[in-house]
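Consider the two complexes below, in which chain A is the common component and chain B and chain C are the respective partners.
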Partner chain A sequence: MAPHSVIGKPLPMTDAPGKVTGLGKYADDLVAPGMLFGKILHSPHAHARIRAINTSKAEALPGVKAVATGRDAPNPYGILPIGHDECVFALDRVRYIGDNVAAVAATSAEIAEEALELIEVDYDPLPAWFDPLESMKAAADWIHESKPHNIEKEYHHEFGNLEQGFANATFVREEHYYAAEVTHAAMEPHSTLAIWEPNGRLTVHSSTQVPYYLHRTVSEVCEMPMSQIRVIKPLVGGGFGGKSEVIPLEVAAAVLAKKAKRPVKITYTREEVFYAHRGRPITIVDLKVGLTREGKISAVAARVVQDGGAYCGYGPVTVLYSGALLGAIYDIPNVKYDGYRVLTNKPACGAMRGHGTVNVRFAFEAMLDALAHDARLDPVEVRRRNLLRAPCITVNGLRVTSYGLPECIERVVERSGWAQKKGKLPYGRGVGMACSHYVSGAANPIIRSNMPHTTVHIKVDRDAAVTLYTGASEIGQGSDTIQVQIVAEVLGVRPERVKLVAADTELTPVDLGSYSSRVTFMAGNACLEAAKQMRGQILAAVAKKFGCETRACACASTKRRLRRSISTVLWWPRAPTPRRKTLVAAISRAPAWARLPLTVTARRWLRFPWTLRPVACTSTASSRRTTAARRSTP
Partner chain B sequence: MTKELIRLKVNGELREIAAPAEKLLLDVLREDLSLTGSKRGCDDSSCGCCAVLVDGVPMLSCVAIASCYQDCEIVTVEGIAPPGELDPVQEGYAVAGGAQCGYCTPGFLIATKALLDHNPNPTLEEIRLALSSNLCRCTGYMQIYESVKLAIERAQAREAAKTAPVGS
Partner chain C sequence: MTMPASRVARPSTIEEAVRLLADNGPEAVIIAGGTDVVPNLQMKLFAPRVLVDIKPIRVLQGITIAAAGALRLGALTTLTEIVGSPLLQASYPVLVSAAATIAGPLQRNMGTLGGNLCLETRCLWYNQSHFWRKALGGCLKKDGDVCHVAPGGKRCWAAWSGDSAPALLTLDAEVEITGPRGRRRLPLAQFYLNDGMNRIALGRDELVTSVYLPARTAGRRGIYHKLRIRDSIDYPLAGVAVTLEVDRSGVCREARVAITAVNPAPLLVKEASEWLVGQRYSAELVDRVAHAAIRTGKPLTTSASTPVYRREMVRLFARRALEEAWKNGNA
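Moving on to the complex of A and B:
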């Protein structure tokens, strides 16, 4: 008997039909009766005080239904509790070219754009900071008054004995690395439709990875209780971190809808997507690493400066991860980290694939190759000599429960043809080795509390329809599908029988969002627990009905998967296929339990704080990947 | 703003709308005809999300003036198969994981459909060339090539089933 019937099988994604027919709805595809079109006025200055804003001419333009400025929504917000430094529209100061100044809702997008040109803003330009190293030296004109010298956050960590570590080293190198800024460029530009309901409620459909944080932020900015706000995530055309915090247009649409008392849709142009940004920051890494004669890393010291742009966003987390993950993938006994997140007058940076780790990883792996060269070691060999022995706790306290890197390296060496290619390819071509890793699960919630990180409900209805209510956000990574697979596997039903309702704050319980590779770990485990509870209830009802013990009953998707001792089979009623392959097993006919609608709930708290996920890949000099590391996570 | 009557043949149906003469085909499809399958992605005609078939040739509808295409057969992603049915191309993308976030998928489907209509058995190089105007940010290109190969297999299987002698 195979271990699983649904899990591990390549299935079409549950939302594939909508995506291949064009009938699936993304935020910009939605319309509402009486819908207005919103447009945002962006700052032309990198750093300036706003002396005055005059919106009267814009308001007088026929077709304009609402104009909003900072005074309409002065409550600051931000994804981190320590970083509430953004307002939806600038109150008295703009901090980057593209900063949000005002917005208009009108009966057409053209009228809204025309109205933007009629808004008069009196700016008083200030000196602007564009280089993070210069910005750190600023003595005045700080971007946020509460952040002296434009330093958003700094970390200084030392674990082990650095001096001793470098003393033990035979080979020591100090190098300087610079990594440029990159942005997510999801194919779908951000879009939000906010609908003001006649009963004074607000429904927000938005392209987001974090509907529940959006729920909370709209409540704070619009000064409405969360119970009066409903956030729905439609299909999302990729996020990559760019939709993992609240983006100005989401709040702007809500503010305009509340003011106009009508539905308002705002969709960013591609240019505005770059203003909204939240991408991977410029990272300047000064790295010093020591290697012993035996090829063991003995000490690591890193100074990292990140160019965070004009607002906090996820910044303190980004710069924390840059240092925290430095000490994890290899066995490093002594490590020192100095990290600076610096504000500049540029669009705010944030989380982007491999949040905070990628640039420092690049520097470290390049350094390791250079040291391997010094020590006359093969790049593969130097990595083999520095492996962790999981399970273990690293010097900086990361708990490694699973590792997989040794196997990963051996597979890559074998499948890339390393031995045949390294140093033997024609001029201009080559192979290289680099390892990377990430923490999955998101150990700590962004807003610290003892509440569960995710909750799911499973309902089995009278006709045995299984419905899974989950707050997890599908953004193309397949989270809907994996949850359906888990529930189907445990209940012994075909995945087609499991309906899924997801990411609607009115219907589904809280899930923190799609970031940090946390959904399968958190929501997946909640699904597993809920489905087991549901199976227990079903089998107990079956056992009671037929006067046998619960452990004599089982659920399975086909008869073949049952123990031979089970002689009678109970089919899920009205199975959808002629062959009735979907069934719950054991005993006889007359499914007593099916007459009782059942609901179970399972929640997931964090049990295993840090689980490492290794990735190794080789690449040729022509940048074609010879070994695909893993399927992309949108 | 002056509007004029524009007659378009979209997915086999004649549609009439009043719109400014310079209105883009993508906006007409999405706003006036509620065919939101075609997507707006890049604003600089580089992503291919908005592609539609015009007389069988894939075209970017975001840089096409709707009123210029009044005598053409326009097919959007909604029209590549009859309602309730899937074209082999759609099946291929759904089953082989060609659609991840799905936003680029309509454009890829249109480009694939055009390719297979003209060349039912392309090589991998021909597939790559035909899809080179479309971007997938989920970087699912390998799955997309697999999807096209599956689409070819499914189309051939359908063809074989159609031509098989009765009773065999």
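Moving on to the complex of A and C:
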């Protein structure tokens, strides 16, 4: 394979200039003519029935343009098809302090806040559940009537023969672990600007990782066809999972805008970010692991209780991952998992970095150290003795195609100075090790369908511009940059030449969102496919024009690194950035490349656009489904 | 979070400011740097009709030499000025040491010495948004009748959370207050009332105009240590200031130890002066004084950090500060 000219090179991120100069716009930077300020009324009770809501005083306050309650948007929603248990505003019951009761759109934030004070809500408090273990025992006053004993979801898996596994073990330990709740605290608090257009359409600008799911949800809640709704993701100041499902303010802004027939912006205070939450749940792990005399793990049994908060969110996936990944990183012949996702009267948990795996992994790795101690083994050694041999399928059906862990461990041992440090540092200092892994790529779409997970369009027009239309959501992780790099690499253009239009449902095709480390894999593969198709069409046209074979043609922006058999080169002019201008001039004065052997004489250099008829200029590709890690369980 | 709608008055003289305060009574709040007042206004802890912005009052600015070699610090002297003052660095290092730890550079640029001496007391149950407090039902200090720190009690335990005050206590500083009846000077120790609700001896119609540092404490060795969650910005959760005068033979001639953030007032550790004067350094003596410091402190559940931890940190800081001041001179 020819060496890459763009991929793997340290390039400035495509969105960096806007961010560092302040020209880039985050959702809260956006304004629209006639824009109103939205504020949400939150529940002061952890669990209560709503007897009545009176908004008349708030509506009468000068400057208030709309007041919305549950009756304005009663359709339930949720990120998982099995978990449509949230309404944008509570219909008859509030389930945590901070739950959404009503919202006001007014001509200033001050008036909106004042109006919230004028909304009268008659609450009938109910017993509230704060501890997941207590909540599971609840005989009445369940948080959702449809979820008996406040259990949102439970999983019971057993693979292999657990009894035999523990019988084979020389060392067996049972430990109890508790991991606290964490929230993402992205630097940018959530913000949404919903614009009601005079033609009856709705445009929603929102700080989200998942414009597509937001698009669907706004459609369901506002009872408008998706075609009448446009979702745009501006710059996003960090997500980490906290913007990977629809957050109440996004729908609230849309409902208010529709009701007021005006643009409405809501930006959460930092405090409200914590009420919206969707962070990593409290996880209580009871773990039993057996180790043979040889230091091989023979059996693992885990009981995991997760404190999910008041709504479903991603919860069933969190607790599934907690168990599904238990059996994967090491060679474990027998594994049993009992996982419970429990509802409590607290802000809802969700996906956060290493979704579901982190807390149980912490418990497991701590346990492995304790067992290594029992077996008088070095913590590194016990891990070495339990490695998988990839490619393989683990006992719980996870397909491992590549592994890398043995090399990783050896590198860490070497570079940490493990042998010199372990157990030899002064009091209060030490070295330790733990291994972790996670599922990337999101093999299954959240809403099951056979449609592609991602689609990109590439346009090359007579202006010699390459434009990539992608639904993928840049949230600071570099997804825009990597897609530009891939397209530039394949088409042989410099990355500055590739214009990118991203995450605007009116212009860009569907991408499922930025979660599960899926964008480079999914959207990246789509970019690769589309760019190859585009290159094929262009080169076919070039070949036809010059009467040569397609495989003798190539696209390039530099005059190096071309196979000798290439006779015709489509040369993309360099993008006229200020820095490059001098470079272009220098080249034209002293064409060093022209003197390179083997390159020029036999080759024709074409400047784009050349005088051909325009070629078909849109190309679509969809990614293949990942086989990296397909789950065995639904 | 929005600010309450207040009128901003900008007096240019002390007399004008006093008149505004007297005219508006409890409806007026003084604002200088705003680093304490503004977040509290956003949390709707108070909603004054008038904000009296004293920044234009020139005479409240700057560091000058006063009668009898004392140093006068105007109430509007910024914390950044204090940190950068060569005079203070040379003569009153403990104050520089403390001021350098207040919040972050941005807040020190805006925040003033007078403001730092008049901070609101702080508590986990008080420094919260309007919504949060409403959901809780308020507390003794604001909108309620229950103290969540000491339920059943009728006293507010909100913690004094300033850094400059303990340092100034160890320098025997005096505070000058101006009101309708003219000027008065008060030893700083008497300025603090050790009551979370009524924290300072300042009338509604008065303002702090200056701080005086006596000549006799100039040149004392001194250092300040504080506990906070984020070292870049936070209020103290415990703090200890120490000044010592040690003669050539290593005998202590004068000593002050003050603690902060563990009571509703910054407090001098009384035993410290008695026990240390006339003594040479010994680890045992330092331990004993450190123990006296934690007996003076009464940390309660006013912050996210536990009282036990904060007490132990008072002991540690007292020991460390005494050792450093004694052995190394000015740190």
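As a working rule, the second predicted complex is superposed on the first by the 562 of 634 C-alpha atoms of A that agree within 3 Å, B and C clash if a C-alpha of one lies under 4 Å from a C-alpha of the other, contacts with A are read in each partner's own complex, and residues count from 1 in each chain.
Keep this in mind: a contact is a pair of C-beta atoms (placed from the backbone, for glycine too) under 8 Å apart; a residue touches a chain by one contact, two chains touch by 3 or more.
No experiment lies behind these values; they were computed from the predicted model shown.
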item	value
Partner chain in contact with A:E113 - chain B first, chain C second, else both or neither	second
Partner chain in contact with A:E271 - chain B first, chain C second, else both or neither	both
Partner chain in contact with A:G237 - chain B first, chain C second, else both or neither	first
Which of chain B and chain C A:Y340 touches, first, second, both or neither	neither
Which superposed partner A:Y469 touches (first chain B, second chain C, both, neither)	neither
First, second, both or neither for A:K19, with chain B first and chain C second	first
Partner chain in contact with A:A185 - chain B first, chain C second, else both or neither	first
Superposition-derived comparison: chain B or chain C, residues of chain A touched	B
Partner chain in contact with A:P44 - chain B first, chain C second, else both or neither	second
Touching both chain B and chain C, residues of chain A	110, 269, 271
Interfacial residue positions of chain C with respect to chain A in the complex	1-2, 5, 129, 131-132, 134-135
Contacting residues of chain A [partner chain C, same complex]	42-45, 97, 109-110, 113, 269, 271
Chain A residues touching chain B - in the complex, by the definition given at the top	10, 12-13, 15-26, 28-29, 31, 110, 184-189, 235-238, 240, 267, 269-271, 475-478, 628, 631-632, 634
For the chain B and chain A complex, residues of the former touching the latter	1, 30, 34-44, 47, 49, 76-78, 81, 86, 90-91, 93-95, 97, 99-106, 109, 135-140, 142-143
